[in-house]
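Across the two complexes that follow, chain A remains constant while its partner is chain B and subsequently chain C.
Coming up: the complex of A and B.
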């Protein structure tokens, strides 16, 4: 598991108040929403805001691509790092 | 004067120090109940939904769930709270004041019917939910109207509040008297007297509850003989009412409102009351 993925898992747990879940419980390639971790649309908005605050990412909630970015932790890490690389 | 008849079929109440029915009976008799502490039991709610509940929501649903039917039976509900999720709202306002983006979760859960929404999702019950900020009389009147309009034999009223956040404490004192000194939640399962004999699965023995009539009257004067048995002004009306319910000798109760008062009369009192002896 790379460092960014681990960091994102901790961010998800803290932001979404997943009290009974630890970083080790989240599979980087497992679905985050509906299936898998079972997050919902409010979680998606909350997570989007947390990513924006922490990493300065901006995603268009209406676009199809954002669904792909938010599909699993692995994709989120790619999304965040591509944003960081593009920025710097 | 017109009046409404209701049956209180069951109840449950919670404060940080009093939880069980037995403790509430002691409290109603003026005894000091053995103190308990702990957190409200909301194990009936799946963890992914439970995390959405504030301390207020946990408390409210901890008294609602014991009175809800276990099965798929539908039950409309009235959620009544003077201040609702004020803690969340204050947090949002403070965020706004700092020009920071609002938390979508806190925003969506700050509305007055959010706790009822979480309950409906947890129970997969699409029955109507009403959330209001009113006194006890208007809450029960609303419940009676919903039972009548929807031909529902039962309805659950959940009444709950927390002390106001300290930033509002001065305001609350000057305008409507202080809010509750202590958090409380109380649920009443109501039935209408004209539907008590229905045989559609909800049929209940009409004897197994307190039958009361509720009517509107002039606000009582200070020397009125029907003042509430416990006149601590900071006691929530719902708790004053519970004490009245659990005190078999007291047949009438007047609870003051802004423009008029609510007059309660016990018309029949069944098993619950006698069990209280």
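Coming up: the complex of A and C.
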């Protein structure tokens, strides 16, 4: 498992205080919102905030892009690492 | 048999036949309850009579008189002692403040509310020492008889959970209580006459206080001193030859044991239920099983009794107002409004949070509490409505929703599964079931208000009044169980000829203890290895001794996620030591001994 993806899955579980689910249960390509993991609009706000705190991502991109970045853990990892690379 | 009825406010001053039974002692092991043994009840020698009871009131009055404290928290599980203290306080114009239970947090919060404590608080606070059991002289009894009970002063305060979920104190005057007792007598006095009043509900709540103590005292009817934990317990009382009146709640009446004693059932004269509506099916079943129809009383700590109903197989009963109570619907809230002699102000209409529907005859159905409208993340949601929705799902037998205020304001669900649900849980896991139920709710509710935390339980936690206790429900959501394992997977276990145990363990990749130990290179912490030794040794050797110290502990190789390891345990009872070795194909990982504390 990609280390960043693993880390993000743990972050999702911890930030959103999800129950009855472990890192191993989350597929990197599974949808995070509505379908799949079934996260909601409030989770999206919480998660955005946590990513900002931990990785310094910026939440001000256009909404369609955000939707794409937040679609699954795989996309989220690409989004976060592009930020990390950009910062270096 | 109503000639012996005395209103509450005249109870200490009016004359009653001195051998008239007041209380039946049902705690036969308690040697300190101040009863003397004599034959004053049917085939019974543990009855407290009117003379005894007045003496007890006078004794308590004597000790309470010596204190300036005005507001007294009162808790006592023995109804006869409780009642003696209550009337002693009232005879001195002091206020009794009743907590509904004796939980440490509630009692601690009372310290700032009251001046002193009297009764038995389980050692949580200092209480007034009980009076000596010496005979009270005639002068003191006369003083008691001449101490008028003030009908209008607030002499009782009852703790109840407010609509905010936080406890609040509800004030009552003796006049209010007396009016209500009078109405109970008017409605059901004949049924209660000459019975022994037994109960499954506490007298620390308004319902129990009125039905178990105040009404029997006023009607000259004997009450049982202790609460029946189980319905079977009424057999003990029935064996003494008494006709029985049962003061109960849906908690017990919806869970009637299969084998009820025939004698007890024959002696049952009337059954009351309050605290929550008893489902029609449960009521009819109770009637069938207990041989007596259940009289349900609807009311609240704030309002006192409001209405009553009795189900019959022919038709679903509606609620009808008690004497002294007028009811109507408030528009547009569709909630019940009432005017009642059980309230301090019997003139002004008071709005309740209970939604109702009236029929042409002025009887009504209860539709649920309006104040279970909650705001989950700002979205108005009716918990009643969501519960009704969940109940439609085949996996759900019973459900109670509650609000949790954590990182977000969210709804949590406590669910009793049907056999369908239980088999889904077993075969497909908790997360699958959670999601199925959430999906079902999505039909009516927006995603952000869906329950996010689920607890599947064998029974919904209710107190003896049949109320869902928020504290008990909340407890289910404290320290949320992590889904990450804390123990290895046991692949195999064998005992050797010498009695040693060999466990074949797989170390889960997502073991809780790998979190932060360490981020880049997860290794199994040594302390966890020791804990597992202790855990499996206790299981395998049935140990009861405590942990004393460690000996010769060596960590030779690290243990990684996903590894398969053998744990060898041996127990030397003579030395009180457990030896252990963790090993794998690559050799020994750790070894050592735990020394047990044989003094425990």
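The rule is simple: the second predicted complex is superposed on the first by the 86 of 88 C-alpha atoms of A that agree within 3 Å, B and C clash if a C-alpha of one lies under 4 Å from a C-alpha of the other, contacts with A are read in each partner's own complex, and residues count from 1 in each chain.
What we mean here is this: a contact is a pair of C-beta atoms (placed from the backbone, for glycine too) under 8 Å apart; a residue touches a chain by one contact, two chains touch by 3 or more.
Not measured: the values here are computed from a predicted model.
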{"item": "Combined model on chain A: chain C and chain B, fit or clash", "value": "clash"}
{"item": "Chain B versus chain C as contact partner of A:35, first or second or both or neither", "value": "neither"}
{"item": "Chain B versus chain C as contact partner of A:22, first or second or both or neither", "value": "second"}
{"item": "First, second, both or neither for A:46, with chain B first and chain C second", "value": "both"}
{"item": "Against chain B, colliding segment of chain C, chosen among 6-14, 132-140, 186-194 or 348-356", "value": "348-356"}
{"item": "Shared chain A contacts, counted only where both chain B and chain C touch the same residue", "value": "17, 19-20, 38, 42, 46"}
{"item": "Complex interface listing, chain C residues touching chain A", "value": "377, 406-408, 429-431, 434-435, 438, 447-448, 450, 452-454, 480-481, 483-484, 509-510, 515"}
{"item": "Residue ranges of chain B in contact with chain A within the complex", "value": "47-48, 51, 101, 103-105, 108"}
{"item": "Residues of chain A touching chain B in the complex", "value": "16-20, 38, 42-43, 45-46, 49, 52-53"}
{"item": "Touch list for chain A against partner chain C, complex", "value": "10, 17, 19-25, 34, 38, 40-42, 46"}
